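Given below, in the form of structure tokens, are the structures.
Each of the next two complexes has subunit A plus one other chain: subunit B in the first, subunit C in the second.
And then the complex of A and B:
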């Protein structure tokens, strides 16, 4: 194995519908990844504000200067798929400012089930859905659900309160994805976060 | 696990081709197969045809390509082979079907190109996943379909 440092940070995307828990997932991932020695930064995407970036900057979890915001100004998928130039530039700027950066996390603005990331922007991406959105979401076979490298089903603690058959939902998610990975989380309580961090580490940081 | 950080060149480069040819005679050229849908990734973790688990961490300005030489020394080489792009060729039987087909292709954000009265849709998954989205256009025979790979003529 070579000990050469990669020329660039790994870049991952986190997308999913509005309110599914993308920012909450990142808030939980940051300390877990930092504890593993990962040097990281975050780029958030919002429609016409910097709300998610401000939330992360105020969180105390990460140096605020390591959080950048991109305002999509249109459908959020346009800046992560059709023309990701703004995000690529934001990522390049962070890499210039923080030499040695190992991981850049791009959070998409909340979108619909058709949202996908361009592989020109990221090397690997997560799609987050939540049980409160209904257990029929996987069955609707949205491109986000089908094509992502990792599907996260969040807010699993709410399943009994919203009449969702969680086991059936997870089984169906695995089936429509042809066996590609699915992880159940409760981001607010931190459940399942280690498994998500493991998946990131293995896929793009080449952890054992 | 070996981590590869740069591409040494193309297997077609004159300086590399002879060395690869020599190694190939000794069965010492391993191949990393990468699907056409994954080739844009700069970070890839995969197993070569010879069974070695490797990782790619390429610079962002250095995209992978078919024939990229990833490792080369006196005893061993590793070359990338990119799988052919698969296309779903859709032929509308009427102007009305063509209009509706075009609407669906755009609405579903499919990657398309056009050839001889057909829409070619780049496949990122099973063709049936695409055909089912077209509903009656396909089931009623208003649009006919075949699957092509990059090597076949359009």
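And then the complex of A and C:
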């Protein structure tokens, strides 16, 4: 990362199906990004609870006042796409409270493969799937898989246990995405997290 | 004709305003009444409109429409809304909803939107939904009755939509409920609002069942809506 401080914080989205590892990815990204000097905050869109927000607040990884929860009104799509204004306003409020903020991470509530972020809300976004969901997910060509800026395939350590051909799944993901980036991770073990942080840095933080 | 079309745009659920995340107490009511049905929804909408909106948010909206763009006067209307909202989830929800609506209008460069946001950030205003709606819709050229009609319609249609999303009534049953209360919204939207001096802005509302349900909802572990 460079010392350049943007006039406004860059805003990125992290979406994906329930249980794919979005919160685990953020938990692993926070210390890596902080070690690179990135001043960040997180907004979660939990669907029925504030569990993800509370998990991050209690993690000890980040000042709890830098984590906000925005309700999704039973519509995880709506709050990140059709009507992202509650998220935008929550982001603006965080920027007012923390003037040096460089990166705002919006975590979507668990959703399905049709979930996409509005570019009114974020500058760049990640979609997280996991091998335990099946190696046919890329082939289904959901808008989330196709349109995201970075596809993360998580829980790669489970591949041999759930009968998934990981190399084939990653190759298919790259093919359906027309060569747009795909990164394999095991968020629980921290594998692949540096590559995700590199991608964020290059995309929105002016990193080399 | 243009102001009529602008009214439709503002009333459209596709206009980003954050309102979809607020159930106006319905989620709490439903949690306490598994038999909540279309008739219950009609009774609830009638109560919301007649006993809260008519003499509180509607009056604030009209006063704000007249006061815009004076931030000091808008701030005093905001203070009256704040004082009249007993339940924290409703009070905070109204401010969050106002901020979300304003977010869209700032990006659309609606006249006066930037100044409203500055007044909220620097203190004279709290930015309650009714106050923000009144000020913005005047800037767009909506008349007082048009502004009241749009706000009243949004209150009932948004509450119906929340009830449908909670799975408590069907989409068509929801429209039956909406049709049942629209005459009441129309009648109340046309009621005159006398001008009030700054120190005598009186907003009144009494919907105890909904307010108790909203307070219980605010403490619930599982919930889909902000209030």
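One rule holds for everything that comes next: the second predicted complex is superposed on the first by the 203 of 208 C-alpha atoms of A that agree within 3 Å, B and C clash if a C-alpha of one lies under 4 Å from a C-alpha of the other, contacts with A are read in each partner's own complex, and residues count from 1 in each chain.
Methods note: a residue touches a chain if its C-beta (ideal position, glycine included) is under 8 Å from a C-beta of that chain, and two chains touch if they have at least 3 such contacts.
Only a predicted model underlies this, so the values are computations on that prediction, with no experimental measurement involved.
Placing subunit B and subunit C on a common subunit A by superposition gives a fit, with no clash between them. In the superposition on chain A, A:48 makes contact with subunit C only, not with subunit B.
In the superposed pair of complexes, A:147 makes contact with subunit B only, with no contact to subunit C.
In the overlay built on the shared chain, the residue A:74 is in contact with subunit C alone; subunit B does not reach it. Residue contacts after overlaying the shared chain place A:203 against subunit B, while subunit C stays out of touching range.
When the two complexes are overlaid on their common chain A, residue A:124 makes contact with subunit B while staying clear of subunit C. Of all C-alpha pairs linking subunit B and subunit C after the chain A fit, the shortest spans 6 Å. Where the contact sets of subunit A with subunit B and with subunit C meet, they give residues 120.
Across the interface of their complex, subunit C is touched by residues 47-49, 70-75, 78-79, 82-86, 88-89, 92-93, 96, 120 of subunit A. Subunit A makes touch with subunit B in their complex at residues 1-2, 4, 6-8, 10-11, 81, 114, 116, 118-120, 123-124, 141, 143, 146-147, 202-204, 206.
Interface residues of subunit C, counted against subunit A in their complex, comprise 14, 16-18, 20-23, 96, 99-104, 107, 121, 162, 165-166, 221-226.
Taken together, the subunit B residues at the contact with subunit A in this complex read 1-6, 38, 40-45, 55, 57-60, 62, 108-109, 124-125, 129.
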